[in-house]
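One chain, chain A, appears in both complexes that follow, with chain B as partner in the first and chain C in the second.
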Partner chain A sequence: MLDIALLWEMRGLILQGLWNTLWICFLGCLLALSLGLVLAALRLANPRLFGYPVACYVEICRGTPLLILLFLLYYGGPSIGLRLDAEIAGVMGIGLYGAGYFAEIYRGGFKSIPKGQLEAARMLGISPWHALIRVQIPQMARLIVPPGTNQLIILVKESALISIISVDDLTKNATTIVNQTFQVIEPYLAVALLYWLIIELIARSGYALEKRLANRQPRQAAQQGATPHANG
Partner chain B sequence: MFEILLNHYPVLLKGLTTTMVVSLSAIALGLVLGVLLAFGLTSRYRLVRWPCGLYRSFWRGTPILLQLLLVYYLLPEIGIEIAPIHAAILTLTLNTTAFQAEIFRSGISHIPAGQIEAARMAGISAWQTRRRIIMPQVFRLTLPPLTNEIITILKNSSLISVIAVTELMRVSEQIASRTFQPLETYLAAAVLYLAVNLVLARISAYLERRMSGGLATE
Partner chain C sequence: MPTAEMLSPPLSSRPKSIVEAHGISKQFGDLEVLTNIDFSLAPSEVVCVIGPSGSGKSTLLRCLAFLEPYDHGSVYIDGQLLGYEDRSGKRVRTSEKRVDEVRAPVGMVFQHFHLWPHRTALENVTEALRLVNGMSRRDADVEGMAMLEQVGLADRAGHFPESLSGGQKQRVAIARALAMKPRVMFFDEPTSALDPELVGEVLDVMKKLAADGMTMVIVTHEMGFAAKVADRVIFMDQGRVVESGPPSTLFRQPKSERLNQFLNTWRERHID
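Now for the complex of A and B:
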């Protein structure tokens, strides 16, 4: 039988872990989303100069485990004078790692917009910045929400790794409870359920956002987005 | 970094071998189980679909580190003694089964219904249809996401260092604590992971090019 009383007794540790997981994930994902946009924008703005370095960065993120990056930041950092708290190393690890994936997602979004639209915007005397805000981003938002949501979910799940560099997150505190009470199933299952809940919330928000963006889109633009070859 | 690679390459290579053995065993086992689970997910019977969906949801919806700890600590609790490396392979297999099943399910849904109807008309049994008609096409269709999954599992196998399997990550930790050069050591490990994954991506791209002919999905 599951011992619910045990979980209630240990609610302090579980809530502390939940709080730490939430804020570290939030900041980490924010960093990943913004740094990824910067990388994608750099690559788009000047492919000759930034194309190769950004592509390398993306490959490194895809090809190496997050755990290595966390260890590099937390244990390797001090050798080059970079002393980070475990929590900050966690935020930076998730952010730097996620940025590589988000850069690719944004790039896919940018590329899906027919060039003709940008040329038309330029012909009409709309500034590049204005074209970005008014033409490109609204259209690509719809396309990048599903893979973006997916990536956020992956990052939340990978955030469990920060427990290994001694952050008191959900996973670490669950292990603490296991070691204190010698009960394995209750703490781990409870924490698994909490992760599941966070992820379900992100997934639902993603669907909702996707729906809203699809409705807001003028029909014509939606059609253009669907058949880029027709006007490019 | 190069110094670490040069001085410690026998241990590092041994660690890398363990990483590869664990990951590839999990991938291979997960391939078989994943195909079966994909059939379960696309079954006609709700009683089959529902538990398969629940399995997929749990293993895709929780962190793999948590799954690893749960398997590793739970099994002895219920009287099953298991070596860390076997617990590692088991967890990675159970995890990748769910992800691969989802990849195959989406592949199966891309096979035109007409083919299956035609097979039924021709008197080919459901099982034969799956084996001879559906799956050969699905494997070709799903090669890119499958490669991603293999790379993901290789990366996730670094977690099993937590339960004291001496794979690449664990070996690097040992070297780092002995040489007091964590930065160089972990960079060396990162390069090894990256190299393996780049090679895998190349092989997959090559296979994809070679097998791109002969698809009948129109």
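Now for the complex of A and C:
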């Protein structure tokens, strides 16, 4: 039988781990999403200048384990004068690592917009910035939500590695409980359930966003098609 | 890159053309797609550019609009050099903003419409009115509806492009370009992507524009339309202007063997 009382007794450690996992993942994913967008935009705006450096960054992220990046940031940082708290190293590790993947997801999204649509915008005098905001991003959003959601899920799962650089996240606190109580199943099952809940929340949000973006056209078209536009 | 000796002639010596090009050339890699083209377009003139596929017609139009930067020569819109500027005797590319300013009198319609699929027909028309002209949504909608009315599509204002026919999409694209009050319209094979039955509705809109005095450059394979509507027809082959003149002369008494051959092929295909 599972010892539920044990989990109740250790709820403080579990909740602390959950909180740390949540905020570190949130900030790390935010950094990954933002930096990825900047990298993709730079690469597309000036391929001659930024193409190679961004491509190198992406390849390094894809070619090295997150754990090595975390070690470099946390243990290697001080040797170059970079002293980071374990939590901050965790945020940076997740963010820098995820940015490489997101840069590619965004790039795929940008590339999927036919060049002619942007030429039409330019011929109307619409600035590249407005074309990005009004033409490219709304269309690419629909395409990048599924792979983006997937990537966020992977980052949250991989965040368990920050326990190795001594961050008191869900995984580390579960291990602490195991070490204190010699009960293995309950703590790890509990944190597995919590990870699953976080990921389920991300997955469902992704589906909802995907559905909302995909439905916008037919829904409006159906509504407005039945009754001509108010001004018409 | 255009060379210093191709700098613009003094403004006063130039005829009052809206669009003018001198000796423009364009290469894609090793392939020379335009060779030393001269071109001028007077107000209210309708010029049709014809020629076999790959002859450089569309590239010419795209160079005149600076969607493809030309390598040599010069293009003027309303007397202003497009895409380049003179800095200490050296010609350099201007900013995109300056390109937009010089190109402002030009509207363009593309073969594949290039409507924005996430915007309704009306939003496609009003987007630039709001973003570029700074109109309020209400004013832009009124203006946009007037444009859609002009192309006979007011009842499709709330439809997204995916629910419009090819002809309707192209008419929305025309309305979108017209909304910015261009003084010149460039049409790049506007009917080539349409079902034969839908070509007529687009050509009708273009005929009406021509009748209203719009200055137009039309790259087309519609010989009948060119014969009826154009003031001047330019025949291109292998990146050069082979022949140009009024349609009555050009179609009935072609001077060059190449145009004769091109017209015979066209007649055979359309009479059989």
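The rule we apply is simple: the second predicted complex is superposed on the first by the 216 of 232 C-alpha atoms of A that agree within 3 Å, B and C clash if a C-alpha of one lies under 4 Å from a C-alpha of the other, contacts with A are read in each partner's own complex, and residues count from 1 in each chain.
Criterion: a residue touches a chain if its C-beta (ideal position, glycine included) is under 8 Å from a C-beta of that chain, and two chains touch if they have at least 3 such contacts.
None of the values given here were measured: they were computed from a predicted structure.
Set against each other, chain B and chain C differ in how many residues of chain A they touch, and the higher count belongs to B. In the superposed model, A:I68 lies in contact with chain B only, and not with chain C. In the superposed model, A:Y188 makes contact with chain B only, not with chain C. When the shared chain is aligned, chain C comes close enough to touch A:Q139, but chain B does not.
Once chain A of one complex is fitted onto chain A of the other, the partner contacts of A:E158 are limited to chain B, with no touch recorded for chain C. Of the two partner chains, chain B is the only one that A:I80 touches; chain C does not reach it. In the superposed pair of complexes, A:D3 makes contact with neither chain B nor chain C.
Shared contact residues of chain A with chain B and chain C: none. Interface residues of chain A, counted against chain C in their complex, comprise 114, 116-117, 119-128, 130, 134-135, 138-139, 216-217, 220-221, 223-225, 227-229, 231-232. Chain contact summary for the complex, chain A toward chain B: residues 59-60, 62-69, 71-72, 75-77, 79-80, 157-161, 163-164, 171, 174-175, 178, 184-185, 188-189, 191-192, 195-196, 199-200.
Taken together, the chain C residues at the contact with chain A in this complex read 65, 67, 96-97, 100, 103-104, 106-108, 110, 112, 114-118, 120, 122, 127-128, 131-132, 141-142, 144-145, 148, 154-160, 162-163, 173, 176-177, 180. Listed in rising order, the residues of chain B touching chain A in the complex are 58, 61-67, 69-70, 73-74, 77, 151, 155-156, 158-159, 161-162, 169, 172-173, 176, 181-184, 186-187, 189-190, 193-194, 197-198, 201.
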